[in-house]
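Two complexes, one shared chain (chain A), two partners (chain B, chain C).
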Partner chain A sequence: MTQQVLFYIFAALITLCSIGVITVRNPVTAAMYLVSDLFLLAGIYAMMQAHFVAAIQILVYAGAIVVLFIFVIMLLNLGPEARQRLKIPAPELAVLVITTIAFIGVAIMMTNGQPTVPVGALTPKAVQAAGGNTYVVGMVLFTKYLWPFELSSMLILLATIASVVIAKKDKAKAVKSTRKEQTLTSPAASSDCVEAAAPASLSNGKVVHGTR
Partner chain B sequence: MVPVDNYLVLATVMFLCGTLGVLFRRNLIMVLMAIELMLNAVNLVFVAGSQALGNLDGQVMVFFIITVAACEAAVGLAMVIALFRRYGTIDTSFLRMLRG
Partner chain C sequence: MGLDGQGLATDAATVQVIATIIKFVIIFILCMQVPPLMVWVERRAPALMQRRKGPNRVGIGKWRLYGLMQSLADAIKLIFKEEVVPEGANRAFYHIAPIFAVFPAFLIACAIPYGHTMQLFGYTIPLSIVDIDVGFLFIFAFSSLAVYGVTLAGWASNSKYSLLGALRASAQMISYEIPLGLSLIPIVLIFGTLDLNQIVVAQSAWIWKWGVIKAPISFLIFLICMFAETNRAPFDLAEGESELVAGFHTEFNSAKFAAFFLAEYVSMFILSLLAATIFFGGWQIPFVPYHALLVVTGGLTWLASLIGFVVLILKACFFMFLYVWVRWTLPRFRYDQLMSLGWKFMLPLGLANVFITAVVVAAIQFG
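Let's turn to the complex of A and B:
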């Protein structure tokens, strides 16, 4: 009974915070709403006896991802978004309507149907008896899901390298100036310089065209 | 013990909020935050299913989803920084170079 009441309180707060994230105009305020959203979700996970997931939620989501967001907001020095009239184009409206209908359908099916998968033995009580949630999740993670776990480390390595490469300072302008010098000195300029310089000039022209 | 339907309704509300944010916000960082919201809704469904079905695979899956979400946030924010550096804006109404 207390769990039910707590769940409703948490659910109401999560709904409010989610609406806050997408309606507030200041990005820092939105990040704060997101952080409270994630903390409340961690509370719900803890109530569901999923202690490992609750801890990971706070450590990784609230501790790392949101800090990264706030860091980027500060780095770009973003102010509140300018108030603009909300235009709702037809394709986006269609996506919204279809998503809503699909969700309502799935919710109805899930509330009326019975699970077709056989219910397993690892109910919260059984997990508690077998050594606690973290212990049992760790056992599953390092036996059944060992290979995906190792692959996820590759994914993280790849993402690290990718974000460093993407966020590195753009050298297109430097390449462009050296290319001019090279064409003056030697007619057979190296092809990779030309390739690197061409998209930069092309997209610069495009954005001028787009903003007008 | 809360019935599993309640979790599903809550996750639906969160996911719809995320969809609205992705579709209608113009700030790219806001769009990324809305994506995080959607991923969280999916996590909630996984944990609720894992609890209802007596099977811990859902919670392991949440671990992987959080890993992917962290990678996605890192790469996405790096792209936001690169875009801001080159064009001076992260407003999606100005970033339409790929428009045919």
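Let's turn to the complex of A and C:
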């Protein structure tokens, strides 16, 4: 009973925050809505006794990825987005509405209007008996799904190397062009990112924000 | 504990909920005492180091109490000051930022085991506020949220100094979170659990079983990251008063400024508690095992737990003093030095540490 009530509260809040993410004009506000979204999702995981996944959810998404989003937004000093009238032609709108209703209908039919209860071998009690959340996740991840797990880590490594390569290329060009003008040795590469932000805000004397 | 969907009908569950609330209130009150005391220490300790007197006037009536009431006077002054919101600030985030700064610290406090499980009125009560089996991850998850307070504060106050402070802080905190995480993986490998209470129990009263002896490199990395994560000297570039006025909280005043103070000192205290818990045996008294302590206290588990709690606080106090000590010893890093230390030294060291520990643990287990 408590669980159901909590689920509906979480679900409603998640929906509201998700709408916030896509409708709000200020990018920082949108990012903060996204944080609350991810946080509430972690709440649902925790309610399902999946503490490990809940903690990882907050740690990785709310604690790292969105922080980087905000970092970039602040660095670029993005202002609020201009409002645009979204034009959806009537046939497309009709299709959108019908598919949405159909999806909700199917979802209700599949679940008989009840929130699904965990079925299968890994019920909360079974997980507890097997040695806890982390143990079970680790066992499955590093035995049954080891190959996909390693492959996905290779993918991430690939993306990291690619981004480093792309960043290096630009940097090499930029250094070549600016070296002639600069007689002083430039500071280390890592400090550039913050130094770069300074002129943007200093030149007009004031950091411009959405609420002005 | 917690809401498990079965309702709270059973007597024992109700007791646990009440106990949780009481424990939280006690820890909350304790944490609220940390900033005034630390402000006092932070004035008196450097005075001692520099052969000055430091604040020694404000006391109660004719008792001067070594100027201890100075912090109380400061707190009252801060709270009753007029609140000024800077022009052009993003009001919503300007008001939310101090809350964002304070709340992760108190949430982390929930996962730390403050003593051995005790028996009181026939009930078994664990002495961490919430007893979760992934305490380690819980702490990481919420400490990674601490950066929002600083970032939003700097961004929302519409000031170039604040913005620069916030940018520095967010880059720094993200960079040092990674070595912090890596430094604790060897501990998880050695003790084989993510449960902080079990880690403390496994460390036992014998010093050579403590985390600091078993994983000294981890402790070194953790110690450095502790300073970086709380934006304390020599990593206080986010404030950098010589170049950024006061960094991310330049535009904050009155109670909101006090909230940032509170957040900084509470997270220092919590990280000190954590360092004591993970590397220095937590509530274990050196060379006095728990069963021996029980004999001394005449079988009263609550008294033994209380002694353990005091021991943990004393261990944390050492780290709190270390914060002050280091602040008045080392000069501030330059920004590029900070970044190259984080990414080029701490990260490879952390990775190597994890690898070597994993090999050794595997060799002991399977060899």
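By our rule, the second predicted complex is superposed on the first by the 137 of 212 C-alpha atoms of A that agree within 3 Å, B and C clash if a C-alpha of one lies under 4 Å from a C-alpha of the other, contacts with A are read in each partner's own complex, and residues count from 1 in each chain.
The criterion applied here is as follows: contacts are C-beta pairs under 8 Å (C-beta built on N, C-alpha and C of every residue); 3 or more make two chains touch, one makes a residue touch a chain.
Worth saying up front: this structure is predicted, and the values here are computed from it rather than measured.
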**Message:** After the superposition on A, what does A:I22 contact: first (chain B), second (chain C), both or neither?
**Reply:** first
**Prompt:** Does chain B (first) or chain C (second) touch A:I58, or do both, or does neither?
**Reply:** second
**Request:** Check whether A:T2 is in contact with chain B, with chain C, with both or with neither, and answer first, second, both or neither.
**Result:** second
**Message:** According to the stated criteria, A:V67 is in contact with first (chain B), second (chain C), both, or neither; which is it?
**Reply:** second
**Prompt:** Looking at the overlay, does A:I14 come into contact with chain B only (first), chain C only (second), both, or neither?
**Reply:** first
**Item:** Superposed model, chain A: greater residue contact from chain B or chain C
**Value:** B
**Asked** After superposition on the shared chain, which partner residues are touched by A:L75: those of chain B (first), chain C (second), both, or neither?
**Response** both
**Asked** Of the residues on chain A, which ones does chain B touch that chain C also touches?
**Response** 3, 47, 49, 52, 56, 64, 68, 75, 133, 206-207, 210-211
**Message:** Under the definition above, what is the set of chain A residues touching chain B in their complex?
**Reply:** 3-4, 7, 11, 14-15, 18-19, 21-22, 27, 30-31, 34, 37-38, 41, 44-45, 47-50, 52-53, 56-57, 60-61, 64-65, 68-69, 72-73, 75-76, 78, 81, 84, 86, 88, 92, 95-96, 99-100, 103, 106-107, 110-111, 115, 117, 119-124, 126-127, 133, 136-137, 140-141, 144-145, 148, 152, 155-156, 158-160, 162-164, 166-167, 169-170, 203, 206-207, 210-211
**Partner chain C, residues of chain A touching it in the complex** = 1-3, 6, 26, 28-29, 32, 35, 42, 47, 49, 51-52, 55-56, 58-59, 62-64, 67-68, 70-71, 74-75, 132-134, 187-188, 190-191, 193-194, 197-198, 201-202, 206-207, 209-212
**Message:** Quick check: in the complex, which residue numbers of chain B touch chain A?
**Reply:** 1-2, 4-10, 12-21, 23-27, 29-30, 32-34, 36-37, 40, 43-44, 47-48, 50-57, 59-60, 62-64, 66-75, 77-82, 84-87, 90, 94, 96-97, 99
**Request:** Within their complex, state which residues of chain C touch chain A.
**Result:** 3-5, 7, 88-93, 132-134, 137-138, 140-145, 147-148, 151-152, 154-156, 158-160, 163-164, 166-168, 170-171, 173-174, 177, 194, 334-336, 339-340, 343
